[in-house]
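Take a look at the structures below.
Look at the two complexes coming up: chain A is in both, with chain B in one and chain C in the other.
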Partner chain A sequence: MSRQRVNWPAISLIAPAVIVLLVIGIYPLLFALDISFRQYQLTKQYLGTGYVGFQNYVAVFNDPLFWQSLLRTGQFFLLTVPLQVVFGVLIALFIDGVRWRPLSFLMRVLLVVPIAVTPTVVGLIGRLLFNRDFGFMNYLLSLFNIPPVSWLGEPLPAMLTIALVDIWQWTPFVALVMLSGLSMISQDVLESGQLDAGRGWNLFRHVQAPYLLPGLTAILILRTADILKLFDMVFVLTRGGPGVSTELVSVYIQRVGFRVFDMGVASAQAILLLILCIVLSRGYIRLFYREIEA
Partner chain B sequence: MSAVSYSQRGQSRRRSRHAFTYFWQGVVAILLIAVFLMPVYWMITTALKTTADTFAVPPVLIFQPTFEHFRAVYEEGSVAKSLVNSLIVAISATALSVLIGAPAAYVLARFNFRGKSDLWFWIISNRFISPIVVALPFFLIARDLRLLDTHLALILVYLTFGVPLVVWLCVDQFRAVPREVDEAATVDGATIWQVFFRINLPLAMPGIVVSAILAFIAAWNELMFALVLTRAEARTAPVEAANFMTGFGIRWGPMMATGTLIVLPVVIFALLVSRNLVRGLTMGAVK
Partner chain C sequence: MQTPQFRHFGLMMSALLIVAMVLSACAPAAQPAAPAQQAAAPAPAMEGEWTLAKAAEPYKGTSINCVFLDRPGYRAAIELIPEFEAATGIDVNWEIMPYENSREKQVLDFTGMTGNYDCVLIDVVWIGEFAASGWVVPMQKFMDDPALADPNLNLEGFFPILLESFGTWDNVVYGLPFDNYSGVLFYNRCMLEEAGFDGPPATWQELMDVYGPALTKDGKYAYALQSRRGETQSADSFMRMIWPFGGSLLDENFEPNLTSEESLTGLNFRQDLMKYMPPDIVEWDHDETVQGLAQGNVAMITEWSAFNAYFTNPETSKIVDCIDYAVEPAGPVGPRPALGGFSLGVSANSSPEKQAATWLFIQWVTSEAKAKDYIRAGGVSGRMSAYEDPELQAQFPYFAPLVISWKEYGNPVFRPRFPEWPAISELIAQTGTEMMLGSISVEDGAKLLNDQIRQILDAAGYYSGQRPQLQ
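Then we have the complex of A and B:
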């Protein structure tokens, strides 16, 4: 509408990114949307790939396993994220209070290690540590005279196992996010806060906690997105088993798509998951990237 | 509050209280580091233990290290090949992500145009989309294009997270370059391309390197797309590692040796950019 001069050189700099993201970001989504309305079973090609309307979606809505996997994903969130936040905040407060500078620096650096470890390898390490016969976890329990637990062989212990592993890997992340919040508090604010509120709990509640809130919101939403995505670690550690007891939503959709080979139904599930992701990310970006709109 | 502590006694009491603080903070720090590094330590030591030591109950803490598992892994070849595949895919995907993402970040940092916030939203929103959503269509498309089990398919797919990561991290970096520098150069007759490549790119290099490292880590660690899109020829290291879990009789030693080889480069990289890792993972929501 406006008769602005078109800045072709600038467009040429941004165009590759836009084109690439259109081709590999949007096109596959449209493709999945199309497939989700088709009959598409890789093992039964003779059935053809005609349109079947909303049949796949109806199948998904009537599939208890899908809803169970979503519910299970929610349970997994409740099992991990609150503990990650509590431990994360405590660790952040601790590191923030460490008097010897080199030690706090060392901790900041070393906490990065769990975050970076390849999730697939994390799954393998989990298999080793939670092995029933010679794993380190059962050895720890034996020190307290607790009989060995078949961590990966029974539903509840298996869920606890993937939760513990997730807590191990992502608590440092929460701690580092919280630490960056704490480091925003200027020395003046902290000192006047100590005069008003004293130390310990009061100082935390009235002075430090407000600085942690933005980071906390970011963590809640990012952990939600990441747990909806979570696949590698669980796939390697339990394959969703025993039975379907640790089959989180991404693991379940992967099974329907690539082990049952029902692309139509899996695509319908994926589209529903996508809608969930978009709703969540809308909220997130509204909260955190307002600046760009200005 | 320190008016009373000028006396000798007060001072020495305070010093001993400080010493006590140092002491308990040191103890807690060692415990925390032990908890968070222990699994990695256990992996590395298992890779260096004989099979008999691996199965020992209680666990053997002091042992004669052996490189037999690393040698076995090397001699079998498939792990070495998968590491080379991972290297090819991760480096190519990273290079392309930077090549495509950095100029886009510059434009987003410098120019205002209609639809900019939509474009921005769209680029960021890639962080939230579960890979399984696109893994299904990618598989079918790659099959039709006969790109299954090729490096190219994985490299292209990895741009879905590489480009957004680079764009976000570099926008901040380009914003930090003063606008006046651009304007001065433009007055002197430089084109946007020259301003970008000759002036902004070198100035933003530290941030670009960091974003490249983070993109590399993400590509190197990726499992799902690799699992779906590769078979034997282009199989990456995480797929190879996951494969140890199938079949009878898990070979713990070689498996942990493979895990060590996979984790080593990313951990080194992560330690190098430790300050920026959190920023990258939160797409900048947390500085």
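Then we have the complex of A and C:
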């Protein structure tokens, strides 16, 4: 049996990334897993930090506020992601059809701008745009003699506001991913597809859509993870209010972890989100992911 | 070409990476551990008269870090700091952070023992938590050291209610009053005069029955009560309306008291008063409320005295010539203005040298000698003597209602200061906002809060005798 040669150059190239991943990704995960089984209240150190078994998980399962916030997060997902996909595909198809290269390039660059803005700044911009008294949205409504809306002061408009802001920021990302899918279609495939299926909806359905499915799967996985940890923008815009109307699960976990400082329960909540995220990711892959046979 | 095994592995790793990112956002930053309380470094005995420069001599070149907010009192201190640095050689650095993050950052610093902050900012409602956890050093350590204690320190020179509420826990002084507030009625005198009033309302009922209808018109509102979810809802809105009507958070037996007739009257009054407030008032924080008055859209607000600088500055206010002040309106039991503010304390995690340098800074910036400069720079001092100066009284007409509020109507338990307040505040912030939105009735909300508060206090050991019933 021959000894396998160790590929040191390859290992040395990969090692820094793996070490960084272990330090900033895996270690916090294991740490959170550990304290999710402990009594871990930062402001009550006299209680100690001993293991309490599944007590934190039982507390989470019996906490109606956690489940309500998770349900609200699901509603937010359904409100935003389908629209982002629809608009993203339409934008991608439009840009893909633009034959003048400078315009196509400019549009791709413009798509990156909302993604590059930090969520906190997006939240601050949102507070200005949706301000009841001097916001741009109510100015637009006033042009049609529509009375001002308390975008951030009432439950339903507040949820719509954070959804609109999220759609504004992340639709370009979906469009870029879809555009990369469309760019994989070779000219031969497109032309033969046009011969067989014609143009318009039939062409999209039978030729272009299959190329978008891998991208769609990635979008669903990424957006699910993003929305489960969406915090900055919502916190700046509404702080989870009014009432609890925009308190998504990440805002709630932050409240438990960094206001009440019950890190044990907050970690248990985060671990449950981790499991949910894995399950959903597997589901998306099973449902949507298809290899493209060229 | 990818093998199925490789693809499977790749998918699993991708999923793991994503959730690791989710979790890393939620994981705590530091391992908790009992903070070590360190004694201040013994300073050499002083010869001759005590001076700041001599006291600071051993700590020349020491650098200390302070927690500051983006409010006028802190900008005033920043204006004065170069003078302290020149006199002592001690470098004073500050980190300005939003109020909402300031407790979180400091608690993580204390429990993680990272020692980032030497000069601790203590809100009136954090003193119990910070002191009971041993995160701040009792000031007596420094006051007993003749090399560090200014002979003119004069603790009796602070308004008693400020030193008692902001800086003292269980009869031990942990902080000196620094950024001091009382709720004051700020009003637009011109708007009131145009509507035929020659002064502000003396009672809440008068505000509702007489001033409300007359001043709420043409897109302008008689009154705004900042009510955004958070401490703004729990302290500035919810508690503000309970006390003047005879209610309270806890009764004399330390039992939750929100379902008492008086507390419910106050909360129902707030609901009724909302018709004279901007429709999105549950999203109004201090900024929106101050701007509402400063831009002439609201006739009256009850806000912290510290915001006065916004109204008198032509760059931030359209009502410089119209701003006027009064004690907060009275309820059936008289005026019960809101009480709030911050003291500065010394972190138990800092080195002895930094602790001593921090003490010298706190002692100096809150001293009687600097009180007038601090006020002129936009701060609100806790020193009584500064408010007796006729020149300053003329320059700052809000002094009169402020001093009356502190001296005659100050309520040291406007918000309980025990360590459980932050958790209770979170609950009040949520249910209080839901009450205002009508998604829960005042009565049901008060009962829900009563039950939740009792549960928290019971779990903390207040009813079993494990902990003293301090608030």
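Methods note: the second predicted complex is superposed on the first by the 249 of 294 C-alpha atoms of A that agree within 3 Å, B and C clash if a C-alpha of one lies under 4 Å from a C-alpha of the other, contacts with A are read in each partner's own complex, and residues count from 1 in each chain.
Operating definition for what follows: a residue touches a chain if its C-beta (ideal position, glycine included) is under 8 Å from a C-beta of that chain, and two chains touch if they have at least 3 such contacts.
Just so it is clear, the structure is predicted and the values come from calculations on it, not from any experiment.
Student: Where does A:133 make contact in the superposed view: on chain B (first), on chain C (second), on both, or on neither?
Tutor: A:133 sits against chain B and chain C alike.
Student: With the two complexes superposed on chain A, say which partner A:51 touches: chain B (first), chain C (second), both, or neither.
Tutor: Neither partner.
Student: Should A:260 be classified as contacting the first partner (chain B), the second (chain C), both, or neither?
Tutor: The answer is second: A:260 touches chain C but not chain B.
Student: Output check: A:274 vs chain B and chain C. Expected answer is one of first, second, both, neither. What do you get?
Tutor: both
Student: Given the touch rule stated above, what does A:25 touch, chain B (first), chain C (second), both, or neither?
Tutor: The answer is both, since A:25 touches chain B and chain C.
Student: Counting only touches as set out at the top, which of chain B and chain C does A:35 meet: first, second, both, neither?
Tutor: both
Student: When the two structures are laid over each other on chain A, which of chain B and chain C touches more residues of chain A?
Tutor: With both complexes superposed on chain A, more residues of chain A are touched by B.
Student: Between chain B (first) and chain C (second), which, if any, makes contact with A:215: first, second, both or neither?
Tutor: So A:215 only meets chain B here.
Student: Answer with first, second, both or neither: which of chain B and chain C does A:228 touch in the superposed model?
Tutor: both
Student: Touch check for A:61: first (chain B), second (chain C), both, or neither?
Tutor: Touch status of A:61: no partner.
Student: Name the residues of chain A shared by its contacts with chain B and its contacts with chain C.
Tutor: 21, 24-25, 28-29, 31-32, 35, 133, 222, 225, 228-229, 231, 239, 250, 253-254, 257-258, 263, 266-267, 270-271, 273-274, 277-278, 281, 285
Student: Looking at the complex, which residues from chain C come into contact with chain A?
Tutor: For this pair, the touching residues of chain C are 11, 14-28, 32-34, 100, 104, 107-108, 111, 129, 133, 228-230, 278-283, 297, 419, 422-423, 426, 430, 433-434, 436-437, 439.
Student: Going by the contact rule at the top, pick out the chain B residues touching chain A in the complex.
Tutor: Residues 18, 21-22, 25-26, 28-29, 32-33, 35-40, 42-43, 46, 54-59, 99-101, 103-104, 106-108, 110-111, 113, 116-117, 119-141, 156-157, 159-160, 163-164, 167, 191-193, 196, 217, 220-221, 223-224, 227-228, 238, 241-242, 244-245, 250, 252, 255-256, 259, 262-263, 266-267, 269-271, 274-275, 277-278, 281-282, 285-287.
Student: Please give the residue numbers of chain A that touch chain C in the complex, ascending.
Tutor: Chain A residues touching chain C: 21, 24-26, 28-29, 31-32, 35, 40, 42-45, 49, 132-133, 150-155, 158, 221-222, 225, 228-229, 231, 238-244, 250, 253-255, 257-261, 263, 266-267, 269-271, 273-274, 277-278, 281-282, 285.
Student: Applying the document's contact rule, which stretches of chain A touch chain B when the two form their complex?
Tutor: 7, 9-10, 12-14, 16-18, 20-21, 24-25, 27-29, 31-32, 35, 91, 94, 97-100, 103, 106-129, 133-134, 136, 139, 142, 168, 171-173, 176-177, 180-181, 214-215, 218, 222, 225, 228-229, 231-232, 235-236, 239, 250, 253-254, 257-258, 263, 266-267, 270-271, 273-274, 277-278, 280-281, 284-285, 288-289, 292-293
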